[in-house]
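Input: structures, listed below.
Here chain A shows up in two complexes: once beside chain B, once beside chain C.
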Partner chain A sequence: MGAELSRHTEGQGVGASVRRKEDRRYLNGEGEYVADIQVPGMAEVAFLRSPVAHGKIKSIEVPEAYRDQVFFAADINFTKPIVAVSAAKGFKASDYPALTSDKARFVGDLLAICIAPTRAEAEDIASACVIDFEELPAVWDIEVARKPDAPRVHDHWADNVYIETRIQTGDLDAVRKAAAVTVRKSLRMGRHAGVSMEGRGVLAHYDRRLDELVVHSSTQFPHVVRTIMAECLGISESKLRVIAPDVGGGFGPKNNFHPEELAIAALSMKLNRPLRWVEDRREHLVASPHAREHRYELCAYADAKGRILGLEAEVVVDAGAYSVWPWTASMEAGMSAGIMTGPYDIPVYHARAITVATNKSPLGPYRGVGRSGACFAIETLVDAVARAVNREPADVRIENMVRPEAMPYQSATHKLYDSGDYPECAKRAREAVDFAGVRARQARGEPDGRLIGLGMASYTEQSAHGTAEWVARGLPVVFGYEPALARFTPDGKLILFVGIQNHGQGLETTLAQVANQELGIPVADVIVRHGDSSVSPYGMGTFASRSMTMAGGAVSVACAALAEKIKRIGAHLLQAQVDAVTLANGRVHVGDQSVSFVEVAQAAFLHPERLPVGEDPALEVNAVYQPGRSTGAFSYATHACVVAVDAGTGHVEILDYVVCHDCGTMVNPMIVEAQVVGGVAQGLGTALYEEIPYDENGQPLASTFLDYTIPGPTEVPDVRVLHMETPSPHTRFGIKGMGEGGAIAPPAVVINAINDALRPLKVEIGETPATAERILHEIVAAQEARRP
Partner chain B sequence: MKTTISLSINGKPRTVAVEPRMSLADLLREDLRLTATHLGCEQGVCGACTVLIDGEPARACIALAVTLDGAEVRTLEGLADDPLMSTLKAAFQDKHGLQCGFCTPGMLISSWDLLKRKGALSEAEIRVAMSGNLCRCTGYQGIVRSIKAAADQRPAEAQGAAR
Partner chain C sequence: MKPAPFTYHRATSVEDAIAQLSDPDAMARPLAGGQSLVPMLNLRLAPVGRLVDLGRIDALKHAEDQGASIRYGALLTHAAFEDHRVPDGSNGLMPYIGGQIAYRAVRTRGTIGGAIALADPAADWLTTVVALEGEIAIAGAKGRRTVAAADFVIGPYMTALDEGEIIEAIIVPRRPAGERWGHYKATRKTGEYADSMAIALNDASSRKVRLVIGATEGAPLVMVKTAASCAQGASREQVAAVLHEELAASGRDFSPVKLHLHRTTALRALQQAGLS
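Up next, the complex of A and B:
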């Protein structure tokens, strides 16, 4: 394993910026998303959702005309609730039913299914239903939830805490005594949403010939959805097919098993009728699994030069009303506390991670899970330490980093960083953003009076998690492997059947590049099939920056085995020695003679009499890949940005944004770079714009794109991306996953830049999104505090 | 209560009966099975459903079909043979202007209109002109570069067109 790869970037293999195979159908408007699929006899669904955050359901009145078009929990009482339990000791389980019948626990909780020929008519029915609630006080905030006398989100719980975990590494008392400076920080990261451009959607119907329920869902992991859906429906997985067709963006919110999926599948089974639900934007913002909502209490102990000797952290996360499957409610706080020391060599670390339940939409994974909060926490803290010792944050940052000679490095949170040069990465970002030039510009001042600020932030991103890593997290499914079935057709094309799901990552191209690397087969002759539980071997899907390392590894292993067989057959057809032949351009070569893969495939499938003695017919290999070590391959990056802050309005403009990153061997640099930039855009949303606040009644205050701002073309700067390539020793080709990384650092780097700009005003922002209103409020508060 | 309207869709005359509340997007997608027009917000904000109505870009999600009697509607499907659209599509592939593909039809229609109307364009001008179209995957960089490349590939007279 590892770095034995011979690079041929001018070709189509690993390292080439091959243009994407999947683009054609999208550019012609021929992508097929759930909402584009119709099945004869299909009815449309509108859910009746709770308009209150917390209330006992006394009755729901359905107008006489609609009695046979509205369905409740009792109508699908054969379903089991979704229960996502962490193996962590003391975790409190929540029953997340397909439809709620006892009490509503958040605005958007599912109460009933309304069906009609069109969505508009189904919505008419939902709005005609009258719900009688006994309203209960809403648990609308972390502080409210943690009060001893708080109402309980789940009545049988002793308190509203899902789980509290601790990490205790090293002697904190010794560090407290030794420290020259102690720096404290309180931070908040707002609640927001994943906001794929296509919302979620489900279409279920029964296939009479195959005697199976077919469920199309806009999901990132169709095989795993089949497993849990079959269990909740009480049927065998052999009677259930889950298809993820084209998926219009995932980002995490489509990486859970949703009650909507269960409800539609169950009612379709019950009625023996095709049903389709297409999530609208309001439903997505209010009731899809939300992202983040972290609070931090941090304390760094450092020496006089800013070397951090020890760190204390309390992470509190508002995980909403239910624990999502399979991640469980504990994921955000656990991952944040578990990666908090980031790229830094901080030997002593004590943390508490607390996850509370509230009357809000459940929290789920979103690109950069846990780590965007952790990065925000540690990186703003590093800047604060630098200010406390009156040094340049960039210097303090770099001096605290894990040295390259320390690799592999065991962190205080028991992560094993595999490879890389973190200080060099930070230095390159600092240079690229013209650190000295920005400091000179700050000293000069701006003609328009705006304040210039420079920020930096670094992180590590774990990928290629193996079995032991997932076992350690205590999840219901262990995602430590990935399969690939590589199958030739008799006419010489190669079809890769994989268990991942491609929704923008370019995997229909990059997996073909891996096949090219192993087989010398033109990328145009490779077809990648995915997203269908009846098509490929069982696989885990696309999340956690895993698909390129894991499915790429599986395709590599399968194609390497195919290459051996093709060489044997080709050599036989060429009457040459096996070790004398090579594969290139879809042919087996020896000297100036060659046979095509078409001839090889014809021999394998149609003319076994042409095969060498003892060679089995057919030309396909099924492989399963696990990385060389379970501890993962760690990508890393430093982001640096320059902002201009208008102290009169609080408005922030990003003047420059640089990313220097290292994701090991890049399969397709064009795609890698675009994944980085796309992640940065989302992270800028977290940093500056996106928020779903709740009022004291538990009502969400952002439910449309008019009150929830995602970055547009004028909000996202032209991001400059610098690449380093340190291959991972643990993965095929040395690939490290990188799909999420771009989204991790922006909140930290932008807040650091804003705080650098506001330093003359003695103002520090500690909350995202750093909206203009919030920044202005802090500036005014600081002015008033200084007034005699 | 349905109203019968006659309109041209992608150059073909159509007579359809629509409810007053039916959007053009639903007419296209559900009744006529023209699914290149995507719905991202149904509030007229995200631009995924952008089509051309009488030659002007419009949001199909908030255009009521009943108001379009006599109108000429063109969707991405109806620009399959258009040379400028072919240039744009090739540029979007070459400059990696799409990822999941959901916002792409709206991006193509809006940029097609932009290139029809405007001469030489800077990346900054493209960003402003495209600010009515949202994308969650690309961070816009690939989209802006794609449009810029397509704009620069046009014949000289088109690039110098009066603003």
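Up next, the complex of A and C:
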């Protein structure tokens, strides 16, 4: 490890823990977010949102004084609704309009736009409007939605199911007969929000000189938003500029095309007036696209040693009122069922994935999409199998894993795992958490009476998937590639124009490191520009753990081509052979002679007479990159944690948390480690704290941070991160994506640890968040059941 | 999350504040530290026509040691107790309580009088002043009066305060020097409101025990029978049984989980106070 580390800290290229360039402006309070931007004549927007979950809108009365400040669907009737249809057979489409005019389908559904000089005045107008609803029974839960006589969220649908898909690999009957043990499990994962520090926000105005609509949006993918927004507005993309300024965290909820974006853009166009909407925390919790809400029915068939022969799974996801663009309502259930077997060699697998519509905020992508649920399902099941055969879960887990010599490995769900050593990763995590020491401590008992538990969970994380994967999922857009335009300035600095969007990932630093790797240019001389559809080449944005692999690959390809040209020009200036020169520290070297990139760039841009014969002037290259195989590079990890459960209060304390992970070649280990820890913090929110329950009227019961708890500094332990580096054979430098991974395993590992702790009480938890109240409920119920 | 329009009055004296609050048509509310009221205003949950800011009334910010008791001005912050900037007659209980309310940022603004006047059942001071057998000094248009802390809270967010009245001070009797206290609070996470909290006081020299459980969907519960059984030297099992019975007979509709939780916090508070 020591030798490896010293290699990483040398220089500024791939593998160096370079400090983040972008942090200076953030730490100095100089970042610029949608709420910071000022446009003359701008009005602020408050949306009038539905207070009921399900109701026909009979009328909305606007006080006389506000008549010209409130706008309805009819005022922007030139817009098309947002329609996100999966290519999967039988998928039921939903029209998600900018403003709804027929009926409200969830608490928070958009009814009208109120504009005023300040947000407070706009809210006054919204609260003065009187809505007359014919209230309809709310479809507030999965079970309610699936009843044959349930009210319909979308009136013309035959039932409330968006889509049901199946996976059938192998002979289940044979496995049923052969199995020594059959283990069943029912699990629930709660619904929660993304809770980025900055909420969503949109500012639209018309640029008269350029004759284009300019939309600032706090989004993860400005280019793609331009495409769908132009279509919904009925204008050409050439007349629309979408800018994502500094974005204060995304995590998935900013990776959809939102009706708020469409509504603000449309009304700004119609009124020819700058308009801005800034999401507040309550709107974010109630009405931004939600995360998770899965239910699982699982059955594992195993031999007497716990070797899993086959798996049956039913995944049901509550996708809320509308299908979000471009992911569609089917993504969450489809991904969960599609990755369920995870790191395990399970040859026989049958699954049903069902996505239902309810009167709740639409479900969208959130860090770890689908996989947090899949990991929660399979990993709690593996522990249950181990208990059923009376063996250590860690041993059963490792024995069931795909062996390193089986790589590349095709899973039962036709995923192609490219590389890695899953058992070794699990063993290192087990060692680091001091497995034997924890078991000894459990046997001794705690002086304060708390119960100690040890949990482990492993996963594979498909990342940087390209064309093949997105085509297979049947999405409206196929996210197959990333571009990079690498352009020198005449004074020898490099600007990278990229299609990703950096909102916390450190990409303004890591992409510069890739340029350094190819060109030997100091990171300080490289500027990364992104987030503006009029500045960068068309790109797909930042999501699905793709940006480092995809944009990093594109920057590498562009810079490698630039390196060749710089070598030719530099060799010419040095009167040397091209193959004799090298690039380092912003200079072209031959022997002890050198010329600077400034001299090379001056020749290229300002003095073509100094160039070699036949060399084109200028110094820029535009490249696109796709990984060698578009089925994805598979990162993987094992998390292990130790908890103390207080049976008197149900309170859980995390005593230790270890992550051993492998994301291939690390461009910046410091940033990788921070991303892992940040992901774990969010995953602990899913595991223990975050939830938006709904009552039977479809009212969300958590709409402020009073009711909605997130882990804070005192709840997030000092996560210890161990790195393994198995380069992917399919990507430039062997990089694998890793942005989401930290958030995938915590629900599984924490629940496993809690259940390990609760074994003496014969109590198990199968639901997240595992709040103190839920744990206490199980303990009390078990006590009462034992009472004579 | 912006408040509806209201007028703002910065009160210059207790009398000025009372005059401003006594106008029945104004929908006037007093503003102390604002740690609960301001978020409620922003959420448009509290209809307020006139906000009467007590923050500049110096008379409400002093503590006075009166020998047998200490009189705390209603506008003393939680941090003033935490930082030992006011005299203490509770053998350290009040400074301890002041130091574990919410987060430090809240404690530097939130006030003891504001917390008690709001009467959130889960508020720390409510349970504390009931346990310490304190009194609430009230000022209003009709004059001044004093109410025992245990009688001050009528129900969740409901108090003995009449229209136009404010809390002027909290008077806490000096506790016996040898008395031990125990405190246990169960929260979802650090800084959140209590799901249950209990305070036990144990004066071994006079064999007096007092036990109060808070966050009980109403006024804090003074557990007289449980305290008596402790004082009589009952075993831990006997105390637990009496506690269970007393909680069940309290008239509050506790779920089995809440019952279990209140029992836990009460027994732990008693244990910390050196009992059972």
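The criterion applied here is as follows: the second predicted complex is superposed on the first by the 779 of 788 C-alpha atoms of A that agree within 3 Å, B and C clash if a C-alpha of one lies under 4 Å from a C-alpha of the other, contacts with A are read in each partner's own complex, and residues count from 1 in each chain.
Methods note: contacts are C-beta pairs under 8 Å (C-beta built on N, C-alpha and C of every residue); 3 or more make two chains touch, one makes a residue touch a chain.
Not measured: the values here are computed from a predicted model.
Should chain B and chain C be called a clash or a fit once both complexes are overlaid on chain A?
Verdict on chain A: chain B and chain C fit.
Report for A:T704: first if it touches chain B alone, second if chain C alone, otherwise both or neither.
So A:T704 meets both chain B and chain C here.
Can A:H651 be said to touch chain B (first), chain C (second), both, or neither?
The second partner, chain C, only.
State whether A:T714 touches chain B only (first), chain C only (second), both chains, or neither.
Both partners.
Using the superposition on chain A described above, determine whether A:A120 touches chain B (first), chain C (second), both, or neither.
After superposing on A, A:A120 lies in contact with both chain B and chain C.
With chain A's C-alpha centre as vertex, what's the angle to chain B and chain C, nearest 10 degrees?
Result: 40 degrees at the vertex chain A.
Applying the touch criterion given at the start, work out whether A:C299 contacts chain B, chain C, both or neither, answering first, second, both or neither.
After superposition on chain A, A:C299 lies in contact with neither partner.
For A:R281, is the partner it touches chain B (first), chain C (second), both, or none of the two (neither)?
both
For the three-chain arrangement built by superposition, which of chain B and chain C touches the greater number of chain A residues?
B
Where does A:G504 make contact in the superposed view: on chain B (first), on chain C (second), on both, or on neither?
first
Using the touch definition from the top, say if A:L776 reaches chain B (first), chain C (second), both or neither.
second
So, A:Y689: does it touch chain B (first), chain C (second), both, or neither?
second
In whole Å, what is the nearest CA distance you get between chain B and chain C after the fit?
5
Would you tell me the residues on chain A in contact with chain B in one complex that are also in contact with chain C in the other?
118, 120, 280-281, 704, 706, 712, 714
What part of chain A is in contact with chain C in the complex they form?
Spelled out, the residues of chain A in touch with chain C are 118-120, 123-124, 127, 280-282, 648-651, 689, 704, 706, 709, 711-712, 714-715, 771-773, 776-777, 779-781, 784.
Using the touch definition up top, name the residues of chain C that touch chain A in the complex.
Touch list, chain C to chain A: 1-5, 39, 43-44, 186, 188-193, 195-196, 256-257, 260-261, 264-265, 268.
Once bound in the complex, which stretches of chain A touch chain B?
Interface residues on chain A, with respect to chain B: 19-20, 22-33, 35-36, 38, 118, 120, 195-198, 246-251, 280-281, 503-506, 670-671, 674, 677-682, 704-706, 710, 712-714, 716, 718-719, 742.
Inside the complex, what are the residues of chain B that reach chain A?
Residues of chain B touching chain A: 19, 21-22, 26, 29-30, 33, 35-43, 45-46, 48, 75-77, 80, 89, 92-94, 96, 98-105, 108, 123, 126-128, 130-131, 133-144.
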